[in-house]
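Order of writing sets the labels: A, B, C and D. Residues in every chain begin at 1.
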Amino acid sequence: MVQERIEAANKKVMEIILNGQPTLLDIGVAEEVIPGMTKITILHAGPPIKWEKMSGPLKGAVIGALIYEGLAVDEKEAAELAASGEISYNPCHHHKTVGPMAGVVSASMPVWILQNKKYSNYSYCTLNEGLGKVLRYGAYSDEVIKRLKWMENLLAPLLKQALKLHGPIDLKTMITQALQMGDEGHNRNRAGTSLLIRELAPYIIQTKFSEKEKIEVLKFIDSNDHFFLNLTMPAAKCTMDAVKNIEFSTIVTVMARNGTEFGIRVSGLGERWFTGPAGIVEGLLFPGYSAEDANPDIGDSVIAETVGIGGFAMAAAPAIVQFVGGTAKDAVNFTLKMYEITAAENNIYKIPALDFRGTPTGIDIRKVVETGILPSINTGIAHKDPGVGQIGAGLVKPPMNCFEDALQAFVEDLETKNLV
Amino acid sequence: MVLKYLIRENAYYDSVTLMIITREVKKIEGVKEVIVGVGTELNKELAGNLNLLTPELQKITPNDFFISLDSVDNNIAKKAFAFVDELLSKKKAESEDYQPSTFESALKYMPDANLVLISLPGKYAAREVKKALLNDKHVMLFSDNVSLEEEMDLKNLAKQSGLLMMGPDCGTAIINHISLAFANVVRKGPIGIVGASGTGMQEVTVMIDKLGSGISQAIGTGGRDLKAEVGGIMMIESIKALQHDPLTEVMVLISKPPDKEVAKKVLSILKEGEKPSVVYFAGGDPGVIKEYGSVPGLSLEDTARKAVAITKGMPTEDFTGFTVTNIDKIIQEEAKKLKKDQRYIRGLYTGGTLCDEAMIILSALIGDIYSNVPLKPEGKLSNINRSYKHSFIDLGDDEFTRGKPHPMIDPYVRQERILSEVKDREVAIILMDFVLGFGSNSDPAGEMIPYIQKARKIAAKDGRHIYIISSVCGTEADPQSLIGQEKKLKEEGVIVMPSNAQAVRLAAAIVLSRRNSQ
Amino acid sequence: MLLAKSVASDLNDTLTSKTVEGIVHSVFDHACNIQLDRNSLVTLISSKLPNYPAAVKLDIAEDQKLCSFGFKVGMKAIVNKDEIKIPEVCVSIKLTGVKVWDSAPLFLKSKISEEMLCENIEKIRKLILEYGKTEGIASILDGNEVDNNYKNFIINSVKRLAKGISDFDYKEITEASKRLIGLGPGLTPAADDFLLGILASLYYIGYYFGNHLESLKKIASFIIYDLPGRTTFISEIMLRNGMKARFSEPIRDLVLVVTNSNSINDECVNLLNIGGTSGSDCAAGIVFGGELMAKVKILK
Amino acid sequence: MTKINELFQEKLKVINMGLESFNENLKKQNVKTVQVDWKPPARGNKKMLSLLDKLK
């Protein structure tokens, strides 16, 4: 009996996920558009965490955000404020938001505004800052703050105008195309970024900004292959939020890490987090860094895998198989393995190397626990000290206990309902 | 200037590879000149002209490959050779096929699979067998440690669905001429076999092949099928299938002595089918077999001979002798070489049914036999690691294999055992089986030979001569090749008999001849 | 368990009703040589390769490589006219009823003019220098002096060989070819491929000019007179077959069109694509031998 | 005709669960196979297995 209920619920969930229509609408200011956002709110990646427990990159990003907001003048003051209890820390996921790496969002930051057209729910994400010393890796030096200000004052207003001229952008189609051009949507975003520039360039030209400013903006986007990641993520978020509380479903709706803990949420269990220690990413480190420099797994970007791309679409991105230490065939096998723990094959996201088979979509906690196969996540590696930045990229797996605990909670929930 | 060379004997590379090597090595900074090729006279002469010849290179033949290079220093040469090595040994990464994680997932990759071969740990096996049967797949269950209850459930389920469920503990089957798990490569032919024992089926199929005939199918049932509880479910279903199989003309059944009622049931079904049949119930009563119109087999070899005789329309005569000529002379001469104390035979077997067969034949000829798997309870060895009088050890029995590979795969246990047996002054003969075929060790004879030599030395130190008598259960088409294995043994002075039964009889004859002469 | 697509007709002599043992001599992606004794060989080739003497073409997928069957150097092979078995890897190749590829020479009455023939040879020369691989000895055709160790080493011997053939001087021929056999890298050294090309021209273009097969055969046997021990086993067999006017499909196709057609492009490119430098070296031999025969015409 | 007799008419196609050497041997005989990369369900965790069973 209970099995049929679960299957029916999961079927419904998968329908909603596959029917999702993530669409880019606009750019706004966090405080004005993100629900529940205040001047003293700091959103961060992953499950809830206290200041004391935060890892280096997340602490650095918080300090940077406080300086950026003018709530503190320097690191020392910011750190004191951060620890004072006056700041309200909240997971992005509690605010329809997602953020890469540290994922820090503060009141005056510009954010992308997306909507799942099919189910009318919204999602938000900051604009990608580029590579090197950036806030999302915990850097807070003057140049970081300066760039954030530039983004607030030029990048965001200009793109907002261009978007207005262009009208809403169907991101699902764009992600689909990117997957067929060698992106997997998490560690490789070069195709997606290119597609976005191609779409927006004619409208950027038409904005009322100066030639020099337009060039600056286009160059900025062009210099950063991951620019599109900050659109893939909220696209996944608004797709998954549409199923965030469907009774009896065993499908994972959120996976996220805060640099200390990895957490998941399951559709049938609503907004509860199931957490375990964040893992160490295995992969290629940039020259000059060793495994000891690496921070545990961090960021909301794993929402990509939750919706069936990223590591799950590894077979689409042979260009980055060296991150998983192997051949194109290894990449294919990575993706094939994920079909073992997912509920459906994507109807839109397809992989050329697998004869356009849909990506494995919808992680079922029952299958994860039964097979012992954990989701494979593609991700960047942050330096453990604030402000150093990205030191590599590779592959990580969530801790098994998240899924086991969730399964136990799921059964207990059914027990209280006298269903098992 | 440093002159360095590299020689690979009997190595051949295609010219594409060599072209790339020449081109790439020349590109290395500091390499002055290089020559790559096979060691023909002219290539060596050319090397000489280029000042790239060394005395060592002078000696190579056209079957050898060489590279010689002149570089500014040792490091450059080292670097160049490391690079050549890499180019030559570059294996195209054998891309591994995807392996699905569960039976359900495997089904997606092969929905039209018709057989599932399961060798998982016993406690998990039943669950997977059930899934396979429910999905309409035939099953061969190699695993043991499956409970009798589970076996009954699974076999009943299989019977209801009309499916084969071979096992648990089914080590051998040949279905549609494909060897499954441990089985030999034997000819196609008119004889269909149903067997409850692995090496028993191997010996019979091999003997049939040696006699120039072949088999249609060889279906394993697992050792417990003919127990009262299971009631011969799979044997009966398999007999029925072979009775309907147009390619099967003669049927052969192999099993330990079954439960009496089950035996009657099985034999009566065999009778109904009207195909001629030979039945070997190891050590069982031949009377009941005859009663139901089947021909009883006296040994595995005899069973095979009778089955082949039937296919040729010849009379089925009991065979209890030798096919080797001059056997009496051998027996007498060999017996003379034994010392006064040397009285006993020690059987070191990897095949359980072969060990059983040996004890059955031998106990009728020379009396009590001790074993870890005795025919009668009083023959049980108190310590399985220490032989006593005539002892026969089934080294594949649970007590020896717990946590270790089967001796048909890893000969370690037998290697050790032969050394301890030979220290016993009363030992005259050591009997061994060598089982070939898929699944078995790739060179069972070769693995034993160093230990046979050691054993011989130990005995020789004591002034004793030890007889080692063996039979090789295999065919020329087996991966290990029968002739090669037999040759290796013969070269070591091991007496190789054409069947286990004959090997056992020879051992008995030598011991008896010695007894009589004293 | 495996089927053959075709079997070279010359294997009739090698594979008889008597079962003999051989060993795997060498294994490549698309070919596996089985040595039977000092003088005979069976080559298993994938369906991708053209037919050639002593070869059994297997009926396997085009891209399936022979190493995928697990063949390893030194494995035992058991062969007779019905079957080739490599028991260690459980491969058995059935030969009964398989199509025979006739490796015997195919001399056709030609209709093309001498002029056309010379033009054809000239075309091949150009194709080799343009598309061929000249790391072997094919560059001998370009007339330049230095630049290639092999070329410098053989240039005099080649000239001597030419003179020997035109003078029908068997001593000169054997001496010169002795200075060529076995030179160069690879399983079939470059100069051997070159000699094979010369043999092909000798027979086919020699036949065009009306030479007696007997005298052509005589020259051929002089060319390989001092063969044993001078080169690799595989190459030795190849040259022996060449002496009997048995050539692989692409070589035979090319010399046939040279003497019978005005379009030689496809056949020439096919040959150039064989092996690393083998095809180019052999084609160079065809050009060299062709020019020589066109000059000498009738051997005295 | 029973399913067993039908099997005798077909080409063997095998799903192999367990010893990979069996799979290799089948491949050597040109049998189409799928090897299952089998692990004990729920990594052998009895508590998890009982939870999973409750959902069935």
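By our rule, contacts are C-beta pairs under 8 Å (C-beta built on N, C-alpha and C of every residue); 3 or more make two chains touch, one makes a residue touch a chain.
Not measured: the values here are computed from a predicted model.
Colleague: Looking only at C-beta pairs in contact, point me to the busier pair out of A-B and B-C.
Modeller: By number of C-beta pairs in contact, B-C is the larger.
Colleague: Quick check on this structure: which chain has its C-alpha centroid closest to the centroid of all protein C-alpha atoms?
Modeller: The most central chain here turns out to be D.
Colleague: Could you tell me the distance, in whole angstrom, between the mean C-alpha positions of chain A and chain C?
Modeller: 63
Colleague: I'd like the Å distance between the centres of chain C and chain D, where a centre is the mean of that chain's Cα atoms.
Modeller: From the centre of chain C to the centre of chain D is 50 Å.
Colleague: When the C-alpha atoms of chain A and chain B are each averaged to a single point, how far apart are the two points in Å?
Modeller: Centre separation, chain A to chain B: 57 Å.
Colleague: List the centre-to-centre spacing of chain B and chain C in whole Å, with centres computed as mean CA coordinates.
Modeller: The separation of the two C-alpha centroids amounts to 45 Å.
Colleague: Which residues does chain A have that touch at least 2 chains other than itself?
Modeller: In chain A, the residues touching two or more other chains are 370-371.
Colleague: At which residue positions does chain C touch at least two other chains?
Modeller: In chain C, the residues touching two or more other chains are 89-90.
Colleague: Can you pull out the residues of chain B that are in contact with at least two other chains?
Modeller: 100-102, 105, 479
Colleague: Name, in rising order, each residue of chain B that touches chain C in their complex.
Modeller: Its residues touching chain C are 10, 12-19, 22-23, 35-38, 40-43, 45-46, 49-50, 62-63, 185, 476-479, 481, 484.
Colleague: Considering the complex alone, what residue numbers of chain B touch chain A?
Modeller: 93, 95-96, 98, 100-102, 105
Colleague: Would you tell me which residues of chain A are touching chain B in their complex?
Modeller: Residues in contact with chain B: 327, 329, 332-333, 336-337, 339-340, 370-371, 373.
Colleague: Name, in rising order, each residue of chain D that touches chain A in their complex.
Modeller: Where chain D meets chain A, its residues are 39-43, 45, 47-48, 51-52, 54-56.
Colleague: Inside the complex, what are the residues of chain B that reach chain D?
Modeller: 97, 99-103, 105-107, 109-110, 112-121, 124, 127-128, 132, 136-138, 142-143, 161-164, 175-176, 178-181, 217, 237-238, 240-241, 244-245, 247, 438-439, 479
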